[in-house]
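Order of writing sets the chain letters: A, B, C, D and E. Residues in each chain are counted from 1.
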Amino acid sequence: MDISQVKGTVVATRKDPKLSGHKMLLVELADIAGKSRGGTPMVALDTIDAGIGDLVLLVRGSSARQAMNMSATPVDAIIIGIIDNIECDGDLTYTTST
Amino acid sequence: MDISQVKGTVVATRKDPKLSGHKMLLVELADIAGKSRGGTPMVALDTIDAGIGDLVLLVRGSSARQAMNMSATPVDAIIIGIIDNIECDGDLTYTTST
Amino acid sequence: MDISQVKGTVVATRKDPKLSGHKMLLVELADIAGKSRGGTPMVALDTIDAGIGDLVLLVRGSSARQAMNMSATPVDAIIIGIIDNIECDGDLTYTTST
Amino acid sequence: MDISQVKGTVVATRKDPKLSGHKMLLVELADIAGKSRGGTPMVALDTIDAGIGDLVLLVRGSSARQAMNMSATPVDAIIIGIIDNIECDGDLTYTTST
Amino acid sequence: MDISQVKGTVVATRKDPKLSGHKMLLVELADIAGKSRGGTPMVALDTIDAGIGDLVLLVRGSSARQAMNMSATPVDAIIIGIIDNIECDGDLTYTTST
């Protein structure tokens, strides 16, 4: 899974019917401190009610369809968790606690 | 999913029989403002009647086969939605409304 | 799917038995004019009797196994169509007609 | 599979229920000597009780779901082995024995 | 499939039980002349008894599990053939015959 940050939303009225009712978010790959890695944002479906600014776990490829209620959905990127803490080499590089 | 723009069409008379009847479009990866990201265009099947110039959502890999009527089709890229609006960091970066 | 050109052939006598009887071709990624994109060629199975020099459609990943007679074959790249015409931004960038 | 090194841990309280009970580790791609390849770390689930600093084998994509107890889990990266030795061109480039 | 060369071996005593009994080889991507393309080697399972130095065909992703006895194995890279000849643009660029 990749560390990503929720940056915004995408609206598509005309779409595959299986996408209806799923929130589409704009996400950007991030590093272990939660900073942007600079690539072009992609579009992911959200199953855990993530919000703008959240650092999240992104699953890609066919495994995305194993998330809740996604088994028959044409989706290749899903947000499956909101990150609380990242620890690397013994340092806390990201935390939502203050 | 990736933001892409429909650039043209591809015609192949000799092809896998399961591709017959599906429109093949040339698509190019785009950024959150709908501008080209400069890569080589790829070929995607269209299930939602997208047109040249539309900004669309592209699903790739095995998940593409979850789109309407595609379950047994040898396809790794499908257009699954036409984008109306993209909002990033609180700004409307793309819209079809004027 | 990616636009590719057939460049040659690959012979492997010792191989997985499910590959027997399938022609293995060397293919190179190409642009919308049919010119090489310069990467290292890869090996694809052929289901539509493509020939050297043909511009073809290449499906990759698990979707390759949806092509004719490939469902249980260990293959991640298949030629599924021979391209006749590519039109981009209103221009005919590639055609087999003269 | 890719050679990777376990660098740390990731905690996510709010997540897909199928991820509960699985340890989430931060892993970084490594070379045949066990040195970092310099990319951004990713997040992998652990099925074999790997520890910080271990050089491990990482499976990605849908094949990750073939690991123990992962068949219905939304996961695209799994640690499936702890590397003891790597030998390349006749040289032992990495070993855990001293 | 990608052209690769077998460079060495990897040993992992603690691993997913479904990997037991499969030989793990270190492979490096190669060009059509059989020369290294310079990337970091990866780890592949071997189903055809390939040896060090052999130029082989590598299948990646979920299709790797279609190789002999691999259907339930957590593996994303398999050696499925040993290359005898590569012909490109009418030239024999690689051969095992002398």
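Here is the rule we use: contacts are C-beta pairs under 8 Å (C-beta built on N, C-alpha and C of every residue); 3 or more make two chains touch, one makes a residue touch a chain.
The structure presented is a predicted model; accordingly, all values stated were derived computationally and were not measured.
Chemist: For chain A and chain D, which third chains touch each of them?
Modeler: Shared contacts of chain A and chain D: no chain.
Chemist: Tell me which chains count as touching both chain A and chain B.
Modeler: Touching chain A as well as chain B, we find no chain at all.
Chemist: Can you compute the centre-to-centre distance for chain B and chain E, using the mean CA position of each chain? Integer Å is fine.
Modeler: Chain B and chain E have C-alpha centres separated by 33 Å.
Chemist: By residue number and range, which residues of chain A touch two or more other chains?
Modeler: Residue numbers touching two or more other chains: 61-62, 64-65.
Chemist: Write down the ring's chain sequence, where chain A leads and chain D follows directly.
Modeler: Result for the ring walk from chain A toward chain D: A, D, E, C, B.
Chemist: Using the touch rule from the top, collect the residues of chain C that touch chain B in their complex.
Modeler: Checking each residue of chain C against chain B gives 1-3, 29, 31-32, 37, 47-48, 57, 59-68, 70, 78, 80-90, 93.
Chemist: Name, in rising order, each residue of chain B that touches chain C in their complex.
Modeler: Chain B residues touching chain C: 7-19, 24, 26, 40-44, 52, 61-62, 64-65, 72-77.
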